[in-house]
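For reference, the structure discussed in these notes is given below.
Note that the chains are named A, B, C and D in the order they appear, and that numbering of residues resets to 1 at the start of each chain.
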Amino acid sequence: MPSPGFVPVDATDDVQALNVGLLGYNFMAKAHTNAYKKIPYIFWPPAARPRLHAICGRTEERVAEAARRYGYAGYYTSWEAMVDDPDVELFDNCSAHHMHVEPSIAALRTGKHVICEKPMALTAADARRMRDAARDAKTKHMCGFNYRFVPAVRLARDLIERGLLGDIYHFRTQYLQQSIHDPDRPMRKAPDPASRLAGSQAILGCHAVDIARFLVGEPATISALAPRFVPERRGPDNTPVRIEWDDASIALVEFEQGAVGTIEASRVATGRANSLKWEINGSRGSLAFDLERLNELQVYLVDAPVADVTGFQDVMVTQANHPFSSVWWPHGHIIGWEHAHINELNHLIEAIMSDRDVAPYGATFEDGYRAAVIAEAIAESALAGHRLHVRYDA
Amino acid sequence: MPSPGFVPVDATDDVQALNVGLLGYNFMAKAHTNAYKKIPYIFWPPAARPRLHAICGRTEERVAEAARRYGYAGYYTSWEAMVDDPDVELFDNCSAHHMHVEPSIAALRTGKHVICEKPMALTAADARRMRDAARDAKTKHMCGFNYRFVPAVRLARDLIERGLLGDIYHFRTQYLQQSIHDPDRPMRKAPDPASRLAGSQAILGCHAVDIARFLVGEPATISALAPRFVPERRGPDNTPVRIEWDDASIALVEFEQGAVGTIEASRVATGRANSLKWEINGSRGSLAFDLERLNELQVYLVDAPVADVTGFQDVMVTQANHPFSSVWWPHGHIIGWEHAHINELNHLIEAIMSDRDVAPYGATFEDGYRAAVIAEAIAESALAGHRLHVRYDA
Amino acid sequence: MPSPGFVPVDATDDVQALNVGLLGYNFMAKAHTNAYKKIPYIFWPPAARPRLHAICGRTEERVAEAARRYGYAGYYTSWEAMVDDPDVELFDNCSAHHMHVEPSIAALRTGKHVICEKPMALTAADARRMRDAARDAKTKHMCGFNYRFVPAVRLARDLIERGLLGDIYHFRTQYLQQSIHDPDRPMRKAPDPASRLAGSQAILGCHAVDIARFLVGEPATISALAPRFVPERRGPDNTPVRIEWDDASIALVEFEQGAVGTIEASRVATGRANSLKWEINGSRGSLAFDLERLNELQVYLVDAPVADVTGFQDVMVTQANHPFSSVWWPHGHIIGWEHAHINELNHLIEAIMSDRDVAPYGATFEDGYRAAVIAEAIAESALAGHRLHVRYDA
Amino acid sequence: MPSPGFVPVDATDDVQALNVGLLGYNFMAKAHTNAYKKIPYIFWPPAARPRLHAICGRTEERVAEAARRYGYAGYYTSWEAMVDDPDVELFDNCSAHHMHVEPSIAALRTGKHVICEKPMALTAADARRMRDAARDAKTKHMCGFNYRFVPAVRLARDLIERGLLGDIYHFRTQYLQQSIHDPDRPMRKAPDPASRLAGSQAILGCHAVDIARFLVGEPATISALAPRFVPERRGPDNTPVRIEWDDASIALVEFEQGAVGTIEASRVATGRANSLKWEINGSRGSLAFDLERLNELQVYLVDAPVADVTGFQDVMVTQANHPFSSVWWPHGHIIGWEHAHINELNHLIEAIMSDRDVAPYGATFEDGYRAAVIAEAIAESALAGHRLHVRYDA
């Protein structure tokens, strides 16, 4: 027992708990769980304490290990069962792409708040069903476009909203990775037939699309290419596999407010690890960003106080007066990729606890739906060879 | 008179002279004249000594001053007269865009070698007439795509030819300037009606198109946008001027050899001074370049000798074993924008004196023609809203 | 209660707990606590589960809040009491600089493992007492030189140990911040008399010293300056305060193995947020690093496979084969400043649980002592105006 | 003969000629001659037309070739003869280091203007003799510290003079090259006994010293190291050569006006081609520069118009309102290393023709002398192991 002088802390306090049920146990599940664990002491006092109630996955051995690893109170091997669990208040869908739709809709229908990772769905029709279910529910819904919660991205949005860029002319973005650049390397696992359409938009491009909408607004038209450079790859067992996805996609976009831009995504960009770059040019200023240096925002402003000192400024977005930054570390003590997820999930929890909208700074199922519409427009334009108008169903 | 010991140098030597007649006296004329003056002592011994025979321009006072400034033996105020001058061996067309066609054709027909600045012509039809005239002539012809002669660009071509990048998947380029980003600033001079079509392709984009062709090969299809953000500007006298040019253009390109890419040009890219950037991703490596740091080439090669040391290399392309570099300064003593013109015109003069082809490393009137075809395809696709096949007349 | 299908997880498993007692509740306490909370699910399976047993601070209101915030089981307001608590296995000293010595020694004497933040002590004599106490104890001891656990820094050490740089000629480092650059801004709090000597070495420079020793080895001689640019500042209440610390220090160093270098630290480097830069030049290669871009290591190797492709490589140190990186996120998903602490404390816990040495990759009290000796040598050389030999007591 | 319409230009005009006699025909001679040839059409109308009267070198074959190559009217093989030539008005000393002293003094005594390349002399005593001779002469004198004429360097000086940096705290500079990094590579030529002292200061460091004085002012004290890493190298014939020079030098400097700094020069900095970097931190702002990207100046100003947009600006110093820039090319069309020499020699010629001082923006023999004093102080402090006061003879 503790020595004299030790004052035990009463763990019960005014902070409400919020029970989380998480579907999935891989990469994204790790990022989300990490967020739930950090929120209560980083955003202090927290809006709620996320309680790791249950985690769910198909393979019992792995889900049980994940539960132990992350400290979930228990686990499910059936998502239907977890959705039926009345103790789950926030349903977090970090499962495989083709598992985003039905569990999320079911969770909404049982009155849970839902966050679903991107891509929200592999077809616009599915995404619309999710959006409609979210609209019918009284709960909060979020689509996991975490890059909105990178401080530099949010600062960009703020600067634009304050009019510092003037009229926006240009937006260009590339989300480049090199995950499958080598045509001769066998795939780590055979592509799941249900995910066979999961090309560059699903994997990477929807992030770029969301950033475009977040910063510049709605696309009006799309003209696109979606190349498949390697039509046949080798499976894990070295047998040939016919590839049905695109390796990359590039879209020309006219935005409703007048800007034009490009949105590119590639998984065969050799040498690029996780490079989501974008640049915006407006009549009064420009911005540039690279996710691999996510603590920095390049800012050019026409209105310079010293006439011979003009140029892009390398703004280290870690000052206490920068978005999300006061809760983290002192200026210059950089944050990493995972922190956008933490900022994002805290935004959701604050919206839940204070019944505020997730939009406009957080992405909702409406945003997830719109990204899916644009993904289909990209594929359709690539196939048809002409410019398409983007149309969202009301 | 010189003191004893002074040994006078006999200026006559084995090096042949080559008489130059230059049309124009502005920015490009300065860059070309500078090149002619430097070639004889930089490329030593030179293939020929360019002799500044005549310069030609409409305004006598200005052309006479240019002749004195640059050391031309004389001047003309009529290009027809200069074209008729049998002493002109190399006709250099640095005039306004709409003056590129007829003087160049006339010079070819009188048996002169011709270099014409970019854009070679404002229509593909005109460019084709120039190309055909060049084909009929026995002389050398060059289109002023000087960026082929930036050492880093030529090194890029070399690395690609040596197969170091493997199969090329992606090419993306932007040529960004901010010359007319401010819609409220009056134009310096009213646009010449004859140049009214001189939009982003003529001013900037054709350079990007030529780099694309130089590094990746022929485009097969084009899908494009060509926005006019500011439909009305103010003239030098503050009166409104209706704008007929585009402010920017962006083309999606499928290349014949399988790569896809974007070619963008903008004159309203606030904060970008003279930024011609491009990136190439291939199955075995990638390259990236920025004209504002033209001494550097970013190179990523998959085949790395040390497994945990991989990344883009910042290659300072000033080593003696780099293209064009041994004649200049020691490693790390950087060259500037003007040096590409010097390397280019020396290439032309060597081709003339040794009767070698200007192609493939130098751009010919065929290349100028093809850039014009692509410029029209961009405009046409932008108007029509669909993908077009690029077709060159034989 | 959970719905059917819910499988509760037995929280008791084979992983041992390790009781932590933490002194301090500010910046560093947050960073360390964050580490203890993340280790069990990031380094999976963990060597031990750190148990947040007690936190200690003088101001009860604040320490009680910190305990609730971070989930400590209880708190102390007397460090002597916490040191006497037999349940504390690992004593973590994150208190103010002048509180590093006695609590750490007392904890060692009661048989606890101890980590003490930098600077270990404000005098070499005190640091020696700590080192000697650590030597006498059977427990593990660590000095919080967390930057050894930045993946790029450890990769640098690995590359050097593998001989890839050849003979090392040069090391130069600057740790630059701008915390007190403005002579007119009142201080946030009056300097504690006990910390009045805490100048640039204590605040920043000891990190630079430790990196120098970690990468290049022991300094043999020191020649230094330690300027006080602003001899009088204003206190929080605007009254003048005479300043006794240096604002910066710069040391010329000869290393025992033959290299020469500079070690600089400044708190008045306007515009530099948290910039710890260093560069190493050896006969076969060079390295360069900047803490503000801590995921990257610049590497130049003389032995290049392609003769015209040489240059500094921008290595993104996030690959699975990079130090500490396999446990974090996929390649290119960058980590932040806090992650070095997590890697560091996991190293300590692994050393404790498997009874391995903290050295050479982790810093011990011997390293903390040596940094203090060097700090005094810098101050002494600055005062004396001559070169000094660095001498450590055995 | 030219066709009708050709108007011959009368080469005689109001611009005065200035006869140049150049000693040397290697690297620097090429850079200077290039400058003389460009000045008349770049700085238009020029203050004078440099006339390439004579070039001088020991080896007749080579000097004769240089004369033909560069267009000198004649040549000398004896510098004494050239100095006696009354037609030489400007004597330009680009010879080997140990040939700087006597010819320059002799030329001053015969009433010539003199520019002497750096290092002005290998000893302070010699440099003082040169300075005294220059003081006695009525003519202009310049020491070839060309980097003062890089636009970004001059802009830096302007910003400092305008007080934008506030009080200067820190200056740090490194001039790094890799010319002799490899201890196993034979030297290209055996070191000339007369140049045996030409170590890092003579080769590189004096440039860094001059930049320090140009931007921050006079050094008051010096503490230094001057290592010889490779005491024995191999000569061109593979025989061992004992090395008497230092491979590098590093000086700690206290400036008279209160700043402290480091001045480092190394010829064994593997991977650094021609990297002269410096950074200045003041109470209101900071500057950073790298000669390998000489068109850019990094500028941080505390007084920012937008509170959350602060950071180092990457100023491309090519705007028409930047120093020396209006005569060159449009904004963003970068200049190279050679242009600093052209700007420098034009400054000298303007000083000569209008009888203005070369100082303070150009370096004089006084500056050359002071650099030599500091070089000796560095060597002396390195040997003595203590801090020295810098003392210039009046």
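In the analysis below, a residue touches a chain if its C-beta (ideal position, glycine included) is under 8 Å from a C-beta of that chain, and two chains touch if they have at least 3 such contacts.
Predicted, not measured: the structure shown is a model, and the values here were computed from it.
Between the contact lists of chain B and chain D, the overlap consists of A, C.
Between C-D and A-D, more contacting C-beta pairs join the chains of C-D.
Between chain A and chain C, the centres computed from C-alpha atoms are 33 Å apart.
Distance from the chain A centre to the chain D centre is 54 Å, each centre being the mean of its Cα atoms.
Distance between chain centres (mean CA atoms), chain C to chain D: 43 Å. Residue numbers of chain B whose C-beta contacts span two or more other chains: 272, 311-312, 316. Residues 1-9, 11, 13, 27, 30-31, 33-34, 37-38, 40-41, 44-45, 53-54, 64, 67-78, 81-82, 84-87, 177, 272-275, 291-295, 316, 318, 329-339 of chain B are the ones touching chain D in the complex. Those residues of chain C that touch chain D in the complex are listed here as 167, 169-170, 172, 174, 176, 181-183, 221, 223-225, 227, 229, 247-248, 250, 252, 254, 258, 260-262, 264, 266, 268-272, 281-286, 300, 302, 311-312, 385-387.
Residues 155, 158-159, 164, 296, 299, 301, 303-316, 319, 321-322 of chain A are the ones that touch chain D when the two sit in their complex.
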